[in-house]
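A short worksheet on the structure shown next.
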Amino acid sequence: MIICKVVGNLWATKKDDKLNGYKLLVVRSHGEGETPETFVAVDTIGAGIGEDVLVTKGSVARNVLREKDSPVDAVVVGIIDSVEVDAQFLERG
Amino acid sequence: MIICKVVGNLWATKKDDKLNGYKLLVVRSHGEGETPETFVAVDTIGAGIGEDVLVTKGSVARNVLREKDSPVDAVVVGIIDSVEVDAQFLERG
Amino acid sequence: MIICKVVGNLWATKKDDKLNGYKLLVVRSHGEGETPETFVAVDTIGAGIGEDVLVTKGSVARNVLREKDSPVDAVVVGIIDSVEVDAQFLERG
Amino acid sequence: MIICKVVGNLWATKKDDKLNGYKLLVVRSHGEGETPETFVAVDTIGAGIGEDVLVTKGSVARNVLREKDSPVDAVVVGIIDSVEVDAQFLERG
Amino acid sequence: MIICKVVGNLWATKKDDKLNGYKLLVVRSHGEGETPETFVAVDTIGAGIGEDVLVTKGSVARNVLREKDSPVDAVVVGIIDSVEVDAQFLERG
């Protein structure tokens, strides 16, 4: 799973029927010293703009959806309360 | 899912039978400050050149196709009406 | 799917039995302004050196093979006749 | 699988039910001369901060979990005792 | 599949039971002009340090293993005898 920040919303009227009813969030990964990646995840948790979330990618993402055959490759699986990272390890890579 | 722009069309006469009848679009991802990635997605929605689309990648992509055993790893799942991103989050990464 | 050029052949006598009989091609992705990626794909179409091909990656790649449990993560699914990309979109990213 | 160091912990109270009971670790990949990648993996082995671990990613990761339909795309599958790499190969790429 | 060189061995005493009995090799990808990627693959072929091997990644990798539900996302599927790449294509990308 990757740590992302919810940075926006996305609307698509014309879309595959299997996406109907899902809330689409624009999220942005943020790892120490890494190039951020912006993508779109389905949210079933109720995350809001600016919140840090945990995002699952790939075929297992659909496991949180009611329809298992949804064409969804990224979902918000949790809202992060806190992350505790030991600074010495970040420095040493 | 990733946000892409439809930038072109692609034709392949000699191809696997399971790709017959699918429209192939050349799409290009565009994330703020990221290196764009150009690839080919099957379109079942009717997207046109220049439109911003939502693309699903990986094994779940085939879920929108009539043939579930198609060798397709990317599909256009929606045409984007609008994206609303809070600028402050983009700056702060 | 990604657009690649067939750049070479590869031979491996000692290999998993499930790869027997498959032709292995060295292919190289080429996207506008992107770092090319060189990898190996199974070819069931009959592509030759120097041809531009469409390559499917991941677990759905095996869908074009006769053995569905092959340890194959990339296959050539088509030989590209032509690609038509609108230059203005490439420039604007 | 990739070689990572456990660099921190992560807490998320509001999360998908299928993540309940799993310990979430922040891990950081470290390959010679590569950009490290920081992400979150489920730990079922009992790894601690600072330990080098082996991490499996993708849909097969859930194979170590009691619930096969968990929305988990990365797990710690082993604690590394030692890695022996021949330096000459690292230099020659 | 990707072309890698076997660069080392890795030992992990404390690991998931489903990894027991598998030999773990440290491999390093080497594509012309690309950043190498170092990771760990299961070897069922008998590859040795310094040999060039073909590695399959992702969920199909487990197809060469006796246990189909192993948490393994990369395996050595062949030992490369020779690779023949036409130099002109490498130069032209």
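Here the chain labels run A, B, C, D and E in written order, and each chain numbers its own residues starting at 1.
The rule we apply is simple: a residue touches a chain if its C-beta (ideal position, glycine included) is under 8 Å from a C-beta of that chain, and two chains touch if they have at least 3 such contacts.
Note that this is a predicted model, so its numbers are computed, not measured.
Identification of common neighbours of subunit A and subunit D yields an empty set. Comparing the contact residues of subunit D and subunit E by number shows a mostly separate set, under half of all numbers used being common to the two copies.
To fit its Cα atoms onto subunit D, subunit C must turn through 145 degrees, a value rounded to the nearest 5.
Centre-to-centre separation between subunit C and subunit E, using Cα means, comes to 18 Å. Separating the CA-averaged centres of subunit B and subunit E is a span of 30 Å. Counting only residues that touch two or more partner chains, subunit D has 58-59, 61. A ring topology is adopted by the chain contact network, closed into one cycle in which each chain touches exactly two others. Touching chains close into a ring; read starting at subunit A and passing to subunit B, it gives A, B, C, E, D. Within the complex, the subunit B residues that touch subunit A are 1-3, 31-34, 44-46, 54, 56-61, 63-64, 75, 77-86, 89-90, 93. On the side of subunit B, the complex with subunit C involves touching residues 5, 7-16, 18-19, 24, 26, 28, 30, 35-41, 49-50, 58-59, 61-62, 69-74.
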